[in-house]
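See the structures that follow.
Two complexes, one shared chain (chain A), two partners (chain B, chain C).
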Partner chain A sequence: MKSARLTPLALLASAAMLAGVFAIFFVMPDAEPPHGIVYRIIFIHVPSAWIAYLAFAVVLVGSIAHLRNGSKKMDWLAHASAEVGVLFTAICLVTGMVWAKPLWGAFWVWEPRLTLTFVLLLIYLGYLVFRAMGGDQERTSRIAAVIGITGFATIPLIHFAVDWYRGHHPGRAVIRPGGDFQLEPEMVATLFAMVAVFTVLYATLLALRIRLAGTAAQLEALR
Partner chain B sequence: MKKVLLLAYKDLRSDARSKEIVPAMAVFSLCLTFLFSITLPDGAGRAPLPVPVAGAASVRELAGTYLWVSIFFASIIGFGRTAASDSQGSRIEGLLLTTVDPAQIFFGRVAANFVFLCLVEVALMPFFILFLSVPASLLWPELLLIALLTNAGLAATGSLFGAASQFARAKDLVLPLLMFPIMLPVVLGASRLTSQLMSFGSVGPEARWFILIGVFDIVLLGIGAVTYEFVVQE
Partner chain C sequence: MTHVQYLGIAFGLVWIGLALYLFSIARRQAKLEAEISKLSARSPNGSAGGLD
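After this line comes the complex of A and B, so read on.
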């Protein structure tokens, strides 16, 4: 019964993604050089970044709720969101690297936003490793919630730190991510549409993952 | 406050009695400082400033990073150990049965870890100055403030995550994974401030890092005070 409820959401996400990818490759015109066809990656890159932040905010909300009332569902929500968030952070980093190569001449530069995203990946990978290594389930969930809260609370501080640390770097002057790149109105519209599509995809993956956690808990109880 | 001091005193005494934490941390950080300094070019610490080659990092800039990376690694070892001794013999569970607030237990542990870090730094400093040819006169007194703020942040994070890591299967693996990304602002800040101090004799415009590290300390102490009970609760 639960799977019947999820199917429309999954179908919607798939259809929207197909339409989005079609629009990116067949409707959008090429940009001015040097962006050419490469710029199309922003339609994946930017929504991934948005989902990453959204997912980690959801981890925070789920963690606080779990600590307040011990709700198992909130714990599953936080765990599921961390997994999906790590996935989208990785997608964001990889697509960013692909875009950076033709634009900045290197796959990786220590640009503050890139660094912050990478540190986010490390924080939530640590969170997932801890969950995977936990012993007692209830206690692991509680401690994971503490890690989820601490991780999110330090994001602004890490943001300032990486910005200041590399702030005086000479490389900074030539690296202006997106600064000299103007989007046409139809590109902006497509970008927003892709953000919506990715949000539906995120919701679908989240719902599927939470359902899986519920099933796993049922199985554990039966044993 | 009195309870916190008493708890800190208890932690200090019981950890000092085992005689393993501070010596191990100090020797470990000394090993790292030795390794870092031996891999530098000869006499690099006395290199003229500003750096003659554009784009090349001065050794003094690196020295600040080396110092704090050494101390950060040593702190991971030490805090894992202090947390393990807390969880042995159900010490914290015993304390939780008394009228002591979990936040007080946390602050007591932070205070003890803070003192350990200070001791390690006192032991390491002469070697750091000696090996890396750091002009000691440039460091005083700003380095004291850097160390106090950084130690508070390291101790707060280490006490919270140290306790948290005790309930994972691979404790020693989990603690650095959890601590490293969170500690980034403090380690970056301390190394930038120290490098600035050694290169120019004053922290100058980099003083803003003091605020960032201070805010970090307050945030982590606050989170620890509120959430420590969830970490140590049965």
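After this line comes the complex of A and C, so read on.
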């Protein structure tokens, strides 16, 4: 992607992030105890989880396309999305840990959703390490595509873990009646706005990372 | 630690993570572009193909 096309996207992502953070800190009221002020972590924790899902879904699509027709661009897309997905999975885990400490009394609990998310991070870290090891380009891409496709199986397990197993993590009913932790309507609206903001940020990082892959291919061709 | 401190740590870590990732992409991009310029400069017609 050309820099001229990337600049508006990067500016939009930056402006949206600033507006989002302003709303989180200066517009949103505190939640009911014990969540108080620290509940605001939800506005980065949930969107980063959504981006992790989205990023690894893109890895799945790119990997399948690469295996079907050997498209290099689809391979770049899968590789780029895996890298951004690992970043957002790490953000999701770290923000969750910081939020857990004041509420659960511990940064980490080996409960199903947390453990499976950690496994997801390890799978895609392995994917990136495998790709970084080099070797025959075509073979590496095909094996990486298989890892990218099979790794996606973890996502539904993570998503439904809160329904299938009893753990510390709140259920999916944050925005539905009867949940463990209820948000006011304006908080839900802000949460969805932050999901949109993070999606723009993901698109920006993905475009930057794909441009990097294109430049690397250009250099390889020159050599 | 207070809840405000936990909130500050969470947001701080997110900004640091994003900034480091952006910095790493920019650094890798600059390095590749510098190598391309170097290879292109060595070629009389602007292409380094086959010189190495």
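The working rule: the second predicted complex is superposed on the first by the 195 of 223 C-alpha atoms of A that agree within 3 Å, B and C clash if a C-alpha of one lies under 4 Å from a C-alpha of the other, contacts with A are read in each partner's own complex, and residues count from 1 in each chain.
Keep this in mind: a contact is a pair of C-beta atoms (placed from the backbone, for glycine too) under 8 Å apart; a residue touches a chain by one contact, two chains touch by 3 or more.
Here the structure is a predicted model, which means the values were calculated and not measured.
By the document's definition of touching, neither partner reaches A:203: not chain B, not chain C. In the superposed model, A:65 makes contact with neither chain B nor chain C. In the superposition on chain A, A:183 contacts neither chain B nor chain C.
Judged by the touch definition given at the top, the superposed model places A:193 against neither chain B nor chain C.
With both structures placed on the common chain, the touch criterion links A:9 to neither chain B nor chain C. Using the contact criterion defined above for the overlaid structures, shared-chain residue A:140 touches chain B, although it does not reach chain C.
Contacts of A:122 after superposition on the shared chain: chain B is touched, whereas chain C is not. With the contact threshold set out at the top, not one residue of chain A is in contact with chain B in one structure and with chain C in the other.
Against chain B, the residues of chain A that register as touching in their complex are 67, 119, 122-123, 125-127, 129-130, 133-136, 139-140, 142-143, 145-147, 149-151, 153-154, 157-158, 160-162, 164-165, 170. Chain B meets chain A in the complex at residues 55, 160-161, 164-165, 167-170, 173-174, 177-178, 180-182, 184-185, 188-189, 192, 208-209, 212, 215-216, 219-220, 223, 227, 230-231, 233-234. Per the touch definition, chain C reaches chain A in the complex via residues 1, 3-4, 6-7, 9-11, 13-14, 17-18, 21-22, 25, 28-29, 32-33, 35-36, 39-40, 47-49, 52.
By the touch criterion stated above, chain A contacts chain C in their complex at residues 21, 36-38, 40-41, 44-45, 48, 87, 90-91, 94-95, 98-99, 101-102, 201, 205, 208-209, 211-212, 215-216, 218-219, 221-223.
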